[in-house]
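Here come two complexes built around subunit A, the first alongside subunit B, the second alongside subunit C.
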Partner chain A sequence: MENTLRQKAKELLESGEVKVVIGYRWNRTRTRTTPVFITKPEDTDQLIFNPLCVNNLSLYLTRKFKDIQALGKPAIVAKGCDIKNIVVLITEAQVKREDVFIIGMVCNGMVYKQELWKGELTPQIMPTKCHNCDVRNPHVADFVIGERSTFTPPEKPEGMVFDKIKALDSKDPSERWAFWINEFSRCIKCYACRQVCSLCFCERCITEKNMPQWIETSAHPRGNLSWNLTRAMHLVGRCTFCGECERACPVNIPLNLINQKMIQVVGEAFDFKSGYDEKVHPPMIVFSPDDKENFIK
Partner chain B sequence: MADKLLKKENLGKLIESVLGKGGRFIAPSTDARQVVFKAVAKAEDLASDYILARNSYKEFLFPQTEVVAEFTVGKDGVDLRGTDVNPKDTVIFGSRPCEAASLSALRAVFTWDFIDEFYTKREDKTVVLTVACTKGDEACFCTTVGLSPETKDGSDVYLKETESGDYIIEAVTDKGKAFVEKHAAVFEDGSATAKPLFIPAKIEGIDLDKIKERLAKTENYADPVWGELTKKCIGCGACTFVCPTCHCFDITDEGTAFEGERRKNWDSCQYENFTLHASGHNPRDFQHKRWRNRFMCKFNYYPNKFSSKGCVGCGRCIRVCPVRLDITEVMEAMSK
Partner chain C sequence: MPRIGVFVCQCGNNIAATVDTKKVAEEMSKIPGVVYTCDYKFMCSSPGQEMLKQAIKENKLDGVIVSACSPHMHEKTFRKASEAAGLNPYQCEITNIREQCSWVHHDSTKKVGTLKSTDLTRMTIERLKKNAPLKKIKIPIKKKALVIGGGIAGIQAALDIAEGGRQVILVEREPSIGGNMARLSETFPTMDCSQCILTPKMVEAELNENITLLTYSEIEKVDGYIGNFTVQIRRKSKYVDEERCTGCGECMEKCPFKTESQFELGLNKRKIIYTPFPQSVPNVPVIDAPNCPKIQKDKCGACAVVCGPKCIDFKMEDKIVTEEVGAIVVATGYQLMPNERFGEYGYGRIKDVISGMQFERLASSSGPTGGEIRRPSDGKVPKNVVFIQCVGSRDEKKGVSYCSKICCMYTAKHTKLYSHKVHGGQSYVFYMDIRSGGKRYEEFVRGAIEHDGAMYLRGRVSRVYEKDGKVIVQGADTLSGSQVEIEADMVVLATAIVSRTGADTLAQKLGIGYDKYKFYNEYHPKLKPVETVTAGIFLAGTCMGPMDIPESVAQGSAAASKVLSLFSADEMAREPITSVVNKTTCNACWDCVTACPYSAIERDTIKNRQGEILRWVAKVNDGVCQGCGVCVAACRSKSIDLKGYTDEQVFAAINAF
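Right after this comes the complex of A and B.
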């Protein structure tokens, strides 16, 4: 798989079809993976692909990374889940389909966090998204690498995140509120959740608008709540449940619960799942006369 | 000579003794599935098996958010009322030698051209009990920056774990000696054998002098290697938040237009807004320039301005980085 990847990357760079390959390489001690930007054909041997390649590299296609955009047309090494984000970026006019070469990687699951890796991919160290993955065979790609996966996800999504959402839904609103206030109380306002998210592509986030200061910068309950809720709302109908925000959070706030809940709400209201078709716009940016109105009471 | 020991069964008594005298006891404890420094009330709250807490304990000396003044705007002008800081006696238990060494770096900046009492008063009331490392991981690099688990800089009391889980204690500073005397009832004389320490291997190919020399040359400032090494940085600032020596803050007024609080909040040089000028110009307009600044701060500005270390090699920034941007890889490249 890696040989094919390196060969393909080399060809793409040599022919000039792309100017940079966004992929993964080992760290110095070959224990963790880290993003890499390959611009020379002779450097393509650095590219790797394994269950430690957790990062959603679609982030580097966004406007926040002007120096990477300046390199020229990219090829990107992407798992199915990463491709979902690329699809959203295309539907939201952030990237043109023809401006990115997607090297789709067939994936059999990743670790939730790299620290959990003990040399073997076991179900216990895989995130909920992998257990329910319906894009192990990349769904939008220019070139697919890997032996076709025969995995079929469970009919009804299952796993830790779904169980926790059910448990939370069964609580009364005051208990739910207390749960989230407690979780958000740890927030240190580092905004790692936003920075790691390829769909948080605003060049000027609302937190940075300080005349007036819409979101208080202090890490106190009100500031923390307003930040986390604002981000959740801005991802409605867009988030693909890639899980990068929760992985990046230094204080372990269970952001996957919020985002997956939003996905369920959008699924019920609009019969829409983001990240599957680059020709369909997400529900929050289009008006359709068929939109349900039953929420108006 | 007999050693002074803190038996593990007396740890609870030490906590009680500290709390009983009106102090707070900060120690590594498990919260939301990870070990962090937090206020604890009993020995069972302490994490038993950890390398290093995720956060540094700087937040107990330099809170992430603190009110420095209150204001009311009236017809006759602004009434601005300063806040006094009256810190509690604070005991940090389970510091590692690397982070203890970071305190002199914080002190240096907070007493440099202005004595910041919000910091100094807290630090004066803090006693640091360091427990030397018996385990570590691959992110540890204290020996590469000239420290080691045997370093006692910044520790008031230096503890070594014994095979039976007790601690051999050594009061290092006057503050430490006073602490041991104050809580004499919980310590006892005896002799014990300390567990062997975990000494991380020094990373080959890193030379702090060469780094300093290279950074000092202005022609290297715009070296394209900065972009090559660090353009993957996503600017989340998590490294600066967990770093024991990062200390930048911002002052912000929060409240209504008529009354509110002036707050001192942690800031991060990794944020785009950190150097954004009112004109719209930003001298650090790309993320790699912001990353370069943090590196410069640690290995050039700090060692030149103060005689303290800008980086203590705790490795927190490596562990927390979502894109695994490893500072030691940059140190290695900059040693060439």
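Right after this comes the complex of A and C.
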């Protein structure tokens, strides 16, 4: 699999079809993977692909990385879940489909955190998204690498995140409120969640707008609440549940719970899942006469 | 420091009953920047307005707040008064302390109402402090109109605009104008022949030098805004050169092939090169390409051989023409709901079950039977005819929930026509209610029942089936409480009026709204009945919902008068409450473009001096923007602001609360 990947990357760079290959390589101690940007055909041997390649590299296609954009057309090593983000980026005109070469990797699951890796992929160390993955065979790609996966996700999504959401839903609003206030109280406003999110591509984040300053920047409960809720709202109908924000959060705020809950709400209300079809816009910005109006009471 | 004046209106007792206006004024005078306050019985009265003007001049006010009724009522009044006193009109703001305050509180101690009024006014003061003087937007107007749809409503609109001395382009999808009205036999309540009153108007439209007829054409794309639309029209290939064709009809005569006539609704055949009906305008035939053996297989070509002026060209292709117009009238009309949906009535299965429109063709002197009522199966004159009303209308389960409005009248007309044409024939009408509101309408229906012997049965039909060459109709007569079974020779269904197929696609091209039945939405059902939410686009006729001929004609004229009044000035002024994009922070995600209901946002570029594109950014077109603020909400990076309601103003107002 890695050989095919290296070969393809080399071909692409040699032919000049792409100018940079965005992929994964080992760190120096070979304990973690790290993103790599290869511009020379001879460097393609660095490329790897294994269950530690958990990062969502679609982030590097956004305007947050103008230096990478300046290199020219990229090829990107992407798992099905990463491709979902690329699809949203295409919908939102951040990337043109023809301006990116997607090397789709058939994936059998990733580790939730790289520290958990003991040399073998077991269901226990896989995140919820991998247990319910319907894109192990990449759904949008220019070139697919790997043996076709025969995995079928369970009919009803299951896993830790879904169990926790169910548990939260069964609580009354005041308990839920207390839960979230407590979780958000740890937020240190480092904005790691934003930095790692490929859909947080704003030229200027709303939190940095200071005329007027809608979101208080200091890390105290009020500002924390408005930041985290605003970010959740900005991801409604867009978030693909890649889980990077929660993985990046240094204080372990369970952001997956909010994002997955939003995905469920959008799914129920609009029968919409993001990341599958670049031609369909998220429901929050489109009007359809068939929209449900059952929230008007 | 700003110099703000606050005027609190008592609105007689409307506000004063639950709000202590004097106290509100007093409280406001304590706010920094407020230099003048007062309360008055009727601010909108002439003395009230005079007072406002006087105060502005005497106190050198640079901002004015009138705490009174909804800005929908008198914002214009007070802005005008402020302007007369030398103030920028957009430095005058209204606080609504009536509809959302005094009217909803019933506390005669005035405590709550006063408190709320104070809060609301204070918020407006803070908002006003951040106001910027705005200027009305002036847009030039192209004085040419486009009318989409050449039915009676569209023809009327085109004629009226042309009479007013303006150029009109009349676009029609079919090979001839005339629309559904051209199919009708007689019209209620006067029973004058439909074609006799329609065709003169059709000819007038053709001859009027201000009208350009584009038949067999469809709207491809609409860009621009009020006064400045650019429209692309697809001129479908007729395979006949319109300029040279003399309309002699030789080609139609010689064409050896026939197919079902859409105009006759399957009751008759037509040639492959055809005009829909003899009085077609323009009298130029078209070739039905999918059915033409010459075009499909290069066989035949008889029409080209006999054509004197040699105007037939089998290689002709569709053309796209671009027109620039200042206003658009949409009059695309209606169609009937497919009857096959109602299996119990046997339409499509039983030959002698026909639609009301097919009956019109049978009764029409230019129709397939030359105006004699003969049933389709064997051509016999039917002795018993059953008319079933509300087929699909008022039937939420299988059809539509609305009333199609004209069926009660045309069914009564059908029974009259039938009794005049078939002496001794008996007609039966199954109805739910008879809705005959309108001038001389009720008398018309009474006439059908009393003079022409129509038997009206209140109830629904449960089943229609064939037996020994008869059509048996089983139904209920709810007035006598009995089941009835009628041996009929023919059954006529009064089918629901529905919107045209493709009405939604056209609406999306135009950027106008439609309801769940895909009928177009008027701006306001009572006060702006022919306007749409998109400025410069007007509606006429049944594309809005079921209506009869007089209403359609009235709407055609109404839309025309709107167009003419728009064209009476060289440029028009628009409210400057529009959105503006911050180009430095725009992400070019185009969510605003998708979300904008008025297509007012364009994709623009920032270029360097060499003309290379550096970035893409959104750009609001002031001419089209209605200031609804949807884009402001859709923009995640807060790169869009609404003038007059900027982020800072809203923030200031909230902070003052």
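Throughout what follows, the second predicted complex is superposed on the first by the 297 of 297 C-alpha atoms of A that agree within 3 Å, B and C clash if a C-alpha of one lies under 4 Å from a C-alpha of the other, contacts with A are read in each partner's own complex, and residues count from 1 in each chain.
Please note the rule applied: contacts are C-beta pairs under 8 Å (C-beta built on N, C-alpha and C of every residue); 3 or more make two chains touch, one makes a residue touch a chain.
Source: prediction; values computed, not measured.
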item: Clash or fit (per the criteria above) of subunit B with subunit C on subunit A; value: fit
item: First (subunit B), second (subunit C), both or neither touched by A:Lys73; value: neither
item: Subunit B versus subunit C as contact partner of A:Arg32, first or second or both or neither; value: first
item: Which superposed partner A:Lys209 touches (first subunit B, second subunit C, both, neither); value: second
item: Subunit B versus subunit C as contact partner of A:Arg97, first or second or both or neither; value: neither
item: Touched partner set for A:Lys273, first subunit B, second subunit C, both or neither; value: neither
item: Superposed model, subunit A: greater residue contact from subunit B or subunit C; value: B
item: Superposition-derived angle with apex at the Cα centre of subunit A and sides reaching subunit B and subunit C, degrees in steps of 10; value: 130
item: Which of subunit B and subunit C A:His234 touches, first, second, both or neither; value: second
item: Which of subunit B and subunit C A:Phe201 touches, first, second, both or neither; value: second
item: Which superposed partner A:Lys164 touches (first subunit B, second subunit C, both, neither); value: neither
item: Overlay on chain A, subunit C to subunit B nearest C-alpha distance, Å; value: 7
item: Overlapping contact positions on subunit A, where the subunit C interface meets the subunit B interface; value: none
item: Residues of subunit C defined as touching subunit A within the complex; value: 514-516, 584-591, 594-595, 597, 616, 634, 636-639, 647-648, 651-652
item: Touching residues on subunit B, where the partner in the complex is subunit A; value: 31-34, 36, 54-55, 64-65, 138, 227, 231-232, 234-238, 241-242, 250, 252, 254, 263, 265-266, 268, 271-273, 286-288, 319-320, 322-326, 328-329, 332
item: Of subunit A, residues touching subunit C in the complex; value: 63, 92-94, 201-206, 209, 211-212, 214, 234, 281, 284-287, 289-290
item: Subunit B-touching residues of subunit A, taken from the complex the two chains share; value: 27-29, 31-37, 55, 59-60, 64-68, 114-115, 183, 186, 188-192, 194-196, 208, 213, 216-220, 244, 247-248, 250-253
